[in-house]
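To keep things simple, chains are lettered A, B, C, D, E and F as they appear, and every chain counts its residues starting from 1.
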Amino acid sequence: MRYALLVQGAPYSSQASHSALRFAAALLARGNRLECVFFYHDGVYNAARLAAPPQDEPHLVDAWVRLNEEHGTQLQVCIAAALRRGLLDEREASRHGKSGHSVEPPFELTGLGQLIDLGLGVDRLVTFAP
Amino acid sequence: MQAETVLDGDVLVILRHPPHGSSWLREGLDAALVAAAFGQAVSLLFQGDGVLALLQGQGPGPLGQKGTSATLDMLAMYDIESLFLDATSLARLGLSTDSLQLPVSPLEPPSIAALIAGHRLVLTF
Amino acid sequence: MILHILNRSPSSSLVYRDALAGMGPEDRLLLVEDGVHGALPSQVRHFEVIGDRLFALREDLVAHGLDGHCDASVQVVDVDGFVALTEEADKTVSWF
Amino acid sequence: MILHILNRSPSSSLVYRDALAGMGPEDRLLLVEDGVHGALPSQVRHFEVIGDRLFALREDLVAHGLDGHCDASVQVVDVDGFVALTEEADKTVSWF
Amino acid sequence: MQAETVLDGDVLVILRHPPHGSSWLREGLDAALVAAAFGQAVSLLFQGDGVLALLQGQGPGPLGQKGTSATLDMLAMYDIESLFLDATSLARLGLSTDSLQLPVSPLEPPSIAALIAGHRLVLTF
Amino acid sequence: MRYALLVQGAPYSSQASHSALRFAAALLARGNRLECVFFYHDGVYNAARLAAPPQDEPHLVDAWVRLNEEHGTQLQVCIAAALRRGLLDEREASRHGKSGHSVEPPFELTGLGQLIDLGLGVDRLVTFAP
């Protein structure tokens, strides 16, 4: 089956990201496909490229990137939720006259319409919230 | 509840949080507006403390920011007219539909389950 | 006197029980943010053990449209009164 | 059949009431994360209306040290079983 | 509760959240350890679902991350020995002190209020 | 009196920051002094320098900075909580081999010991949590 996940919790503060990554591994192991993870609400903080967790803790940003590299899962971040929270890619940073950026590929800033498309397009959408 | 209430559609957004204390309500309404703008048939269910989003006479937030009351007034413009609330949630708070700013159909549990079953995509906020 | 500050409503969260367990006989409880829903007549019974030591923040009541729905037993203070309550208290404890 | 997913415990949050109100007669409820506390014998009574359609995620039970404390009425599934439940369901609804 | 229980100190950290679901417990314990390392007399109160932090036999999190169980074992090393729990919270969960990994003094409400009053700084997590 | 505030909620997601700023204004208006705002848990996200909220919404990062400029209030951010969440100043970014930074003065990354010092040193510490 074709799955998408909606992640609404900040990494480290809530278990949402951890649960979503565990679920992602399990659904892939059963032969399903994970089209996309969509990040909304505080979930957008998962895309923070500068995250530097202690070495004995899971590195969530890296875990998302691996999901993209190994399984082609798209990592889409709601742009409106992200801008408010200080998560800008190079394009948005320059559009807002800011030096530096906090989000980089494979995370993509995208509109909320993508979530609706996904939710109606895949076989199963599962939400992980804080 | 009117006899002709239609309990199905494309997208159901369940709003369980009141205004101001968190951004859940606003981000949930944004999802509903976007779904409607994309041509989907959208329904809203206000449940739990989310029914308080419907109270008349809400004001701005602590730093003057707008609440969600103005957004609710825009729902009709987006053709979001299937508005429901959990009657038990409203009753628990001791409120009646008279104090609400919009006409919303109260639902009892069997109809709430039917509403959820009747939509292809259900998002909770 | 300790000022306890609660930002959750008894209609959705049970943290109010822990706050009440931590209150001494002179302590006061201030409802703020979504916690002001606790000032509704249907909810104040959860706080009846503390009698007239229950306060609610006016600005948050107004923001939620609850200005006219507040139970008569609740003392309504504005944010200046909130600061005054913290000045009068030995310390504050926030419950969330 | 719809799979409802709950990550809050009835010992601290009242969201379980809204989840139950949204469940049809064939729907299933899976307790995950802190929600697995709802599988304690002292808490399962909150879910008695859904009978044997109550599930809890094994990995979270274990993480919380609740493996041996779980009520016998609860069906324990691992994360592979969680995925299977979502495959069998028409859709999922998360409550938090 | 032992008769000699001391209900005062410098810093009281109230832990109301269970392990794993959020970082509240861990960040609260970090605050307690730092306060103790700075030479303050630190007490802990486990309340609400926070009492579940004390359960024996906890495992790692979903991605293999350590829980807080090991941190609890370090408390004595930091001279944090004033450990209390809300007896009502434990009873509501149907648990007894026998299933806990540490010796912790159960307190009833009047003593909980005394504990809070007896510390200069009270932090809730 | 000398006050300090502890902010534990993310901006935009929770009212904590808004409430704290409102309280700060009121305590200053009554002639009190606000020594410091300490950011912990998801409160550290208040220090995200790239935050770009819509123009008709309060800009919380700017509001904190003004508090510092006009009243000398220190803005201290728990470094352990910040690093996990991708909030690094220039020094930490270079220490972790990352290009770019997400926190800048007047926000300062500091140890949790500062919170304890503050809590015991000021007359009143008030916590604003999500």
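For the reader, a short list of remarks on this structure follows.
Keep this in mind: a residue touches a chain if its C-beta (ideal position, glycine included) is under 8 Å from a C-beta of that chain, and two chains touch if they have at least 3 such contacts.
Small disclaimer: the values here were computed from a predicted structure and weren't measured.
Contact with both subunit E and subunit F is made by A, C. Chains making contact with subunit B as well as with subunit E: A, C, D, F.
Farthest chain from subunit E (centres taken as the mean of C-alpha atoms): B. On a Cα centroid basis, the chain most remote from subunit F in this structure is D. If you average the Cα atoms of subunit C and of subunit E, the two centres end up 25 Å apart.
Distance between chain centres (mean CA atoms), subunit C to subunit D: 33 Å. One finds 38 Å separating the Cα centroids of subunit A and subunit C. Subunit D has residues 7, 11-12, 14-15, 33-34, 59, 91, 93-94, 96 in contact with two or more other chains.
Shown for subunit A are the residues in touch with two or more other chains, namely 12-13, 15, 19, 22, 41, 57, 125, 127, 129-130.
Along subunit B, residues 20-23, 48, 61-62, 120-121, 124 each make contact with two or more other chains.
By the document's touch criterion, interfaces exist between A-B, A-D, A-E, A-F, B-C, B-D, B-F, C-D, C-E, C-F, D-E, E-F.
Of all residues in subunit E, only 14, 16, 47-48, 86, 88-89, 109, 112-114, 116-117, 120-122, 124 touch subunit C in the complex they form.
The residues of subunit F lying in touch with subunit C in their complex are 1, 3, 15, 19, 22-23, 25-27, 29-30, 32, 124-130. Across the complex, subunit D meets subunit A through its residues 5, 7, 32-34, 59, 79-80, 82-84, 86-87, 89, 91-94, 96. On the subunit B side of its complex with subunit A, the touching residues are 10-11, 23-24, 27, 30-31, 34-35, 37-38, 40, 120-121, 123-125. On subunit C, the positions that touch subunit E within their shared complex are 2, 14-15, 17-18, 20-25, 27, 90-91, 93-96.
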